[in-house]
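Below is the structure I would like to discuss, written out as C-alpha cells.
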Amino acid sequence: MANDIPLNWFLYFSAAAFAIGLTGVLLRRNAIAVLMAIEIMLNAANVNLVAFWRYGTPAAGAGPMPGVILALLVVTVAAAEVAVGIGLVLLCYRRWRAVDVDRYDTLSG
Amino acid sequence: MDVGTALIAQSHRVDLSPTTAIVWALWLLVGFAGIFPGIVAYMVWLERKVAARFQDRIGPNRVGPFGLLQPIADAIKLIVKESIVPRPADGLVHLLAPVIVLASAFLTLAVVPFAVGLVPIDPPSGLVYLIAVSSLSPLGIFLAGWSSRNKYSLIGAMRAVAQLVSYEIPQVLATIPVVLWAGSLSLVSIFDHQAKFGWNAFTPPGLLAFAIFLIAGVAEVNRTPFDIPEAESEIIAGYHTEYSGMRFGLFFLAEYLGVFAISCVATVLFLGGGMPLPFSSFPVNLIDGSVGSYILADAILLAVFLAKVLLFIFAMFWVRATLPRMRIDRLMNFAWKYLVPLCVLNILFAAAWFEVVVRPGRIEAGRWAVGMIGVGLLTAAGVQLVFWANRKLAAAAPIDADWPAVGAARGG
Amino acid sequence: MVAHNYVFVGLLLLVAVGFALAPLALVALVAPRKRSPTKADVFECGVRTHGETWVRFRIQYYIYAIMFVVFDVETVFLYPWAAAYGSLGTFALVEMTVFLALLFAGLAYAWAKGVLRWA
Amino acid sequence: MPPNVVPLDLRDFLCIAPALVLAFWGLVVIAADLGRFRRLDPDARRVACGRATLVGVGLALASAVFLAWVDALAQSDAPRLVALFGDSLGGYFARTDGLIFFGTLARGLAVDVLNVLFLVLLAMVVWMSTSYGFTDDLGEYFALMLWATVGMMLLAAAEELATLFIALETTTICLYLATAFERSRRRSAEAGLKYFVYGSVSSALFLYGLSLVYGLAGSTYFDAIGRVLRGGDAGLAGNLAGASALLLLLVGFGFKVSAVPFQQWVPDVYEGAPAPVAAWIATGSKVASFVAMLKVFVHALGPWSHPSGSVMGPGWLGVVAVVAAVTMTYGNLAALAQKDLKRMLAYSSIAHAGYMLVGVAAASVSTEGPASAGAVVYYLIVYALANVGAFAVAAWLARDKGTEAIADLDGLAGRSPSLAVCIVVLMLSLIGVPPFAGFFGKLYVFMEALRQGPSDTRIVLTWLVALGLFNSVVSAFYYVRVLKAMYLREPSGRPIEPARPALALPIAAAAVLVTVLGVVPGPLVDLSRSVAVPMLTAGRLDVPAAVDVPAPAPPAEKPSGVAWHPETPTD
Amino acid sequence: MARSLFLAIAALGLLAALGTVLARNLVRAALHLVAFFFCVACLFVMLEAEFLAAVQVLIYIGAVAILLMFGIMLTRNAATAEADLSGGWRVPGVIAGLCVFAALAFGINNAVSPSGSGAWSAIVARPALEPAEGVAWKAERSRAIDDMPRVVGEQFMTRYALAFELAGLLLTAALVGAVALAREEPAPGDSEPATAVEAEAAVGTTP
C-alpha cells in the first residue's frame, strides 16, 4: 500500500465519525440507539489511536505499539459496555415495557 | 504468465512483482469462482448418493450417467423458478442476507493453503481472519430471518444464531493449541510446523482439539445432528422459510461451501494439510527449487488434500444419515458445559505439550514418548474430569434435571 | 507487504458478491414473475398470518449472547498469547492461567446460577 | 528473529496484593453465596455474605498495611528490609524507583495510603450493605463492589493511560451494575441505565481526548507526556488539537468527579442506587477519580496548565478554575432545595468536588511543587470518611422507610442520642466547622490556593477561595436542616427503628475518625504532603521533587519525542 | 490509488455512521453500524494493522452486532422497531455535533506540536520502515507490523500485563453482573408452555 495518504485524512474521518456519534447520542431517545452511537464514538477513537501509532514517532520507552494495545483494550471495553448496557436496557424494559430514555421518569431529575 | 514463478515466489513468501501478483490473483479468483461452486454442486450429488445408499436406495440416476448431470439440472431448476419475496419483507435486507452468508463461506477459503505456494493469501493473523469472516454468517442468518417478517423465520434465525455463536466459542478455542505450537497465526506456518513435528491430530491435546473442532464445525454449518435452526418438523424451514428459487439456492450453496471450508480448515490445522504421511515432510522435501519439483509436489499435496477433505465430507454425510437431531437444550448444554471447559483445560495441556516436545525445536524420540504418555494421561484425565463433573452436578442439583444421566438415575 | 493480501480479499469479496448476484440477475431475466397477493403473503403453515411478526423471546438468548461476547473477546487475548508463548517464559503461562481462571469463573458462575439451562 | 523479551517480574504482583486479594475474594464470595449460603434465610444469608466479604477486605487491609510498612521501611531503613526478606525479595522491596509493571503502575507509600483508605471505606460500605435487604443476588453484589474497588486501587496507582483507561472502566462498569441491583424498585434500574448512558458517553469522550493526547505526545506514560509537553512552549494557545484533547479529558474526569456541567446524573443515580452503592460512588469512585485526575492533569499535562504564566491565558488552569467556581456554587445552591437526604448528599458532593477542584488548580501552579497536592489528598480522605457515615444514615432511612426524606429523621435525637451526636459531627465536618477534620481539609486547600504562584494566578485563586468561603456558609444551611430535624422536630409518622450495629458502627466510626483527624490533623497532613510528591513525580527521576523545573531536552539523536513531526526524507 | 480507495471507504463509513444515527428502524440502524464497523476495519488494513482489522470484524461485527440485534429483538417489536428521534433536541444536537467536528477539524488542521514545529497537515508519508537496521523504533515497528499477533502477545504478557488481567476481570464482572440482572425472576404465576416453539410463539402479539 502506498504511503501517500496524509495522516490528517484519518484524523478527519475519525473526527467526523466522532461528531456523528455524539450527535446520535444527543438525538436518539432509544437506549439501544444511544448504545450504537457510543460504539461509533469508541471506534472513532480507535481509528485515531491506530493512525497515530502508524504515523507517529514514539517517545522513548513507550514500547512498539501503545496505540494498538489501547485500541484492543477499547474493543474489550466496548464489548463489555454493550453487554452491560443491553442488560440494563432489558432490566428497564421489563419494568416499563419501553426503551425510550425519556419515558423512565421515576427519578425527578 | 508463468505459474511456476508465481508458485515459487509465493511459497518463499517473496513479494511478487505487481503484474505477476495481479495475474496470479486472477488465476486464483478464477479458481475460486469456477472450481469451488463445481465442487459444491458435486458434493450435493454425492450426498444424495450417499444418503440413498444408507437408505438402501439408488439416488439420482436419471440425468446423465449415475445421475452425474443432476447438479446442472438442479441449477437450471433453481434459476427458472420464481423468486418469491413476501410483501411485508424488507427487500434490500432480504437480498443482502444470503449474499453475506455466501461471502462469509467464500472468504474463509482465501487463507487455506491447499499446497505449497497454492495459497491465495497468507496474512500473519490468518487464523483470526478466518474466524472473523466465518463469524459473519450468523449475521446473515439473522438478517434473513428478520427481513422475512415471518414468526417462524425469526424464531429459526434466533435459534440458529444462538447455536452458531455457542459453537463458535469451542471451535475457536480448539484452534489455540495449534497456534501455540506453531507460534504463529498464519496457516502456512501451521502447515510448516506440522511438516516438522508431525500432524497436530497425532498429539493428545491435538486429538482432543481436533475432535472438538470437528463437532463444533458440524454445528457451525448447521448439519445434523445440529440442524436445529432448520428443524423442519418444528419451525417449518427456519430462517429461510421465506426464501425460494435462487435465493434459497444461495443459502444451499453457502451451506455446502461451508462444509467444504470447514473440512479444508480442519485438514490444514490438524491433519497436516496435503501431506500423506503423518511424521514425514514427504512431498515438501521433494522441492529443490525447480519449477518441475514444485508442480510434482503440489500435485501430490493437492491430491492428498482433496482426499482428506473428501473423507471429512463423507463423514459428515454419514453422520447425517445416521444420527437424529439433538434437542436444542441439550445442544446448548453440550457446547457450554462440555466443550468449552474441555477447551479451556486443553489449552493448558497444549502448553504442557509445547514445553515437553516442541520447545527443543525438533522431535526427540524420548521426549515425544514422555509427552505422549504424560500429556496423554493428563488429557484423558481432563476429559474424564469434565464428564464426571457434569454428571455429578447434574445429579446433585435440580439444574439440568432433563439431562439423560439424571433421568436414568431417577428411574426414567 | 501486509496490505497486499487484503487487495485480494477485496477482490474475493467482489467475486463472492458477484457470484451471489449473477444468478439472481439471471433469475430476474429468465424466471417467471407472477405476483399474487396470496403468494406474497408471509408463510404460516397455510393459515392467514395474524398479529405482528415479533414474538417475545426468552431472556436466554441474551444470556448466551453475552457469554459468547465475553468468550469471543477472550480469544482476542488468547491468540496473541498463544502466538507469543514460545518466546516468553513461565510468567506468561502464569498470567494466562489467571486470565483463563477468571473467565472460567464467569462460566462456572452462569452454570451454577442455572442460567445456562434452555427452557 | 524476535528480540529477547524482557520478562515480567512476578514479584510485581506482590505490590498489588490488596487488589489481587479483592479480585480473588469476589469469586470466593460468589462461590460461598451460591454454595454454602444458598439455603439460609434471606437475613442470615445477607449477614453471612457480608461477613465473608469483610473477611476478604480484612485480608486485603492486612496486606495493604504490610506493604505500607514495607514501603515506609524502604524509605527509612532499606538494609533492614534486605535482612528481613533476603536479597531477592528484600532488595526488590527496597527499590525506590516507585514503578512496577514496566512503569505502568506506581507503588510506594502513596499507593499504600490510598489503598488503606479504600479498604477502610469499603469495609464500612460492606458493613452497611448488610443492614437491609435490597437485593437477592448478594454474592454478585458484593463481588461487584470488591471488583469496583480493584479498579479504583489500580486507577489511583496507574501511571499510564492504557492502564488508567481499563481501570477506570472496570470501576465504572461494576458500579453501573451495582447501581441497578435493587430489584424491588424501578428507580434502581433506571438509575443504573442513566448512570450507564452518561458514564459511557463520557468515557467515549474521555477516550477520544486520550487518543489525541497519545497522538500529541507519542506516549501513554504520564511522565513521558509531561516530558514531551515541557519540551515545547505552545500550550493550548496555538494548538486547538491539544485544547480539544484537554477539554475532552476534562469532560471524562468531570463526569467521574461530578463537576458541573457533567453532574446531571449525580442526583438521580445517588437517589436511585441502593444507599451503600451510592456511598461507594460518592466516596471510593470519587477519591480514585480525583487522584487519577491529579496525576493526569498535574503530572502529565501540568506544562499546559498556564503556559504563558497567565491564569486566564491559554491553559487548563482557567478552565478548571471556572469549573470549580461553577461546581461549588451550583452544588450548594441546588442542595438547598432538597428534601431527600440522598439527593441532598448528591448535591453536596458536587459542591465538595468544586472545593477539591480548587485544590487541583492550586496544585498545578504551586510554588512548592507537587507537595501542595497533599491538600487535595487530605481533603479527599476526610470528605470520604464523613460521606460514608452520612450515607450510612441514608441506608438507615432506606431500611425503615424505603425512602430517604430528611423529614424521616425528625426527633431522632430523642431516641438515639449517641448516634444523633455522631451525625452532628459528620454534618459539622462536611460544613467545615472546627475542630472537625472537614474544617482542616478546607482550610488546607484554601491555604494552598492562597499562597500559590505568580500574581495573576494568585488573584484568580484568591477569588476562588473567597467564593469557596461564601459557599461554605451557604452549605451550612442545608446541613443544619438535618440537625434541625433531629433535635428540634417531633416525629410525625412512625419513627425509625434504632440502628443495628451494621449501621451504627459505620456512622460512629466515621464520626470518631473525623473528630480524631480534626483534633490531631498534623500526622495525616504530613503524610498527605509526603505521599503527594511521589504520586505526582513517579518516573521523574531527573527532577528534584520540590521544584518544577523543565526537564533537560531529550537527547539529540532521538526524534525529539514529537509524534507527528514529518520524517525527514533522508531515510 | 490508495487515496481514492481511502476516500471511498471513508465516505462509505461516514454515510453508514449517519445512517446509524438517523435510521428509524433499529435493525436497519444496527445494519448501518455493521457497515461502519466494516469500513473501520478497512481503514485498519490501510494502516497496516491487519490483526486489529480482523479483531474488529470478529468482535464488532461477529459479536457486538449480534448482541445488539438480540437486544433489539428482546425489547421491541422487531418489524416496527421504530425509534423516534428526539424532537426538542434535534437542532441543539446537530449544532453540538457540528461544533465538535469544527473544533476537532481546526485542531487537526492547525495542530502545532509542543516543540512548535510542523503540523499534522504536513504529514503525507508515513515513516518508512526498515526491517533490520535503522533507528531502533523503526525496526521495532516493522516487526510489529509484520508479526502483529505475536508482538501484541508479548506486550500483553509484559508491559501491559496488568491491563491484560484487568481486562479479564472486567469481562468477568460484566458477565456476572449482567447475568445476575437479566436473569428471569421466577414469577409464581408464570407457567411456561410445554415446548419451546409454543413458548416462543404463543406470547406473540401482546405489546
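By letter and in written order, the chains are A, B, C, D and E; residue numbering begins at 1 in each of them.
By our rule, contacts are C-beta pairs under 8 Å (C-beta built on N, C-alpha and C of every residue); 3 or more make two chains touch, one makes a residue touch a chain.
These numbers were taken from a predicted model, which means no experiment stands behind them.
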{"item": "Neighbouring chains shared between chain D and chain E, ordered by label", "value": "A, C"}
{"item": "Contacts common to chain B and chain E (chain labels)", "value": "C"}
{"item": "Pair exhibiting more inter-chain C-beta contacts, A-D or A-C", "value": "A-D"}
{"item": "Maximum centroid distance from chain D, chain identifier (CA atoms)", "value": "B"}
{"item": "Centre distance in Å when chain C and chain D are each reduced to the mean of their C-alpha atoms", "value": "40"}
{"item": "Averaged-CA centre spacing for the pair chain E and chain C, given as whole angstrom", "value": "16"}
{"item": "Approximate Å spacing (C-alpha centroids) for the pair chain B, chain D", "value": "51"}
{"item": "Cα-centroid distance, chain A relative to chain E, in whole angstrom", "value": "6"}
{"item": "Touching two or more other chains - residue numbers and ranges from chain E", "value": "46, 48, 50-51, 55, 58-59, 62-64, 66-67, 70-71, 73-74, 76, 78-79, 104, 108, 120, 123-125, 127-128, 143, 146-152, 154, 156-161, 163, 167, 169-171, 174-183, 196, 200-201, 204"}
{"item": "Residue numbers of chain D (touch at least two other chains)", "value": "2, 5, 7-8, 23, 30, 102, 162, 166, 169, 173, 176-177, 180, 192, 212, 217, 228, 559, 562-565, 567"}
{"item": "Per-residue multi-chain contacts in chain B, two or more chains", "value": "88, 123-125, 128-129, 131, 135, 149, 151, 154-155, 158, 165, 168, 183-185, 328-329"}
{"item": "Interchain pairs in contact, sorted by label", "value": "A-C, A-D, A-E, B-C, B-E, C-D, C-E, D-E"}
{"item": "Chain E contact footprint on chain D (complex, rising order)", "value": "2, 5-8, 12, 16, 23, 26, 30, 101-102, 104-105, 137, 140-141, 143-144, 147, 150-151, 154, 162-163, 166-167, 169-170, 173-174, 176-178, 180-181, 183, 192, 212, 216-217, 228-229, 231-234, 238-244, 303, 559-560, 562-567, 571"}
{"item": "Chain C-touching residues of chain E, taken from the complex the two chains share", "value": "45-46, 48, 50-51, 53, 55, 58-59, 62-64, 66-67, 70-71, 73-74, 76-80, 145-146, 149-154, 156-158, 161, 164-165, 167-169, 171-172, 174-176, 178-180, 182-184, 192, 196, 199-201, 203-206"}
{"item": "Residues of chain E defined as touching chain D within the complex", "value": "103-104, 106-108, 110-120, 122-125, 127-128, 130, 134-135, 143, 147, 150, 154, 157-163, 166-167, 169-170, 173-174, 176-178, 180-181, 183, 185"}
{"item": "Residues of chain E that touch chain B when the two form their complex", "value": "27-28, 31, 34, 50-51, 54-55, 57-58, 61-63, 65-66, 69-70, 73, 78-79, 146-150, 196-197, 200-201, 204"}
{"item": "Touching residues on chain E, where the partner in the complex is chain A", "value": "1-3, 6-7, 10, 13-14, 17-18, 20-21, 26, 29-30, 33, 36-37, 40, 43-44, 46-49, 51-52, 55-56, 59-60, 63-64, 67-68, 70-72, 74-76, 83-86, 89-90, 92-94, 96-98, 100-101, 104-105, 108-109, 120-121, 123-128, 137, 140-141, 143-144, 148, 151-152, 155-156, 159-160, 163, 167, 170-171, 174-175, 177-179, 181-182, 207"}
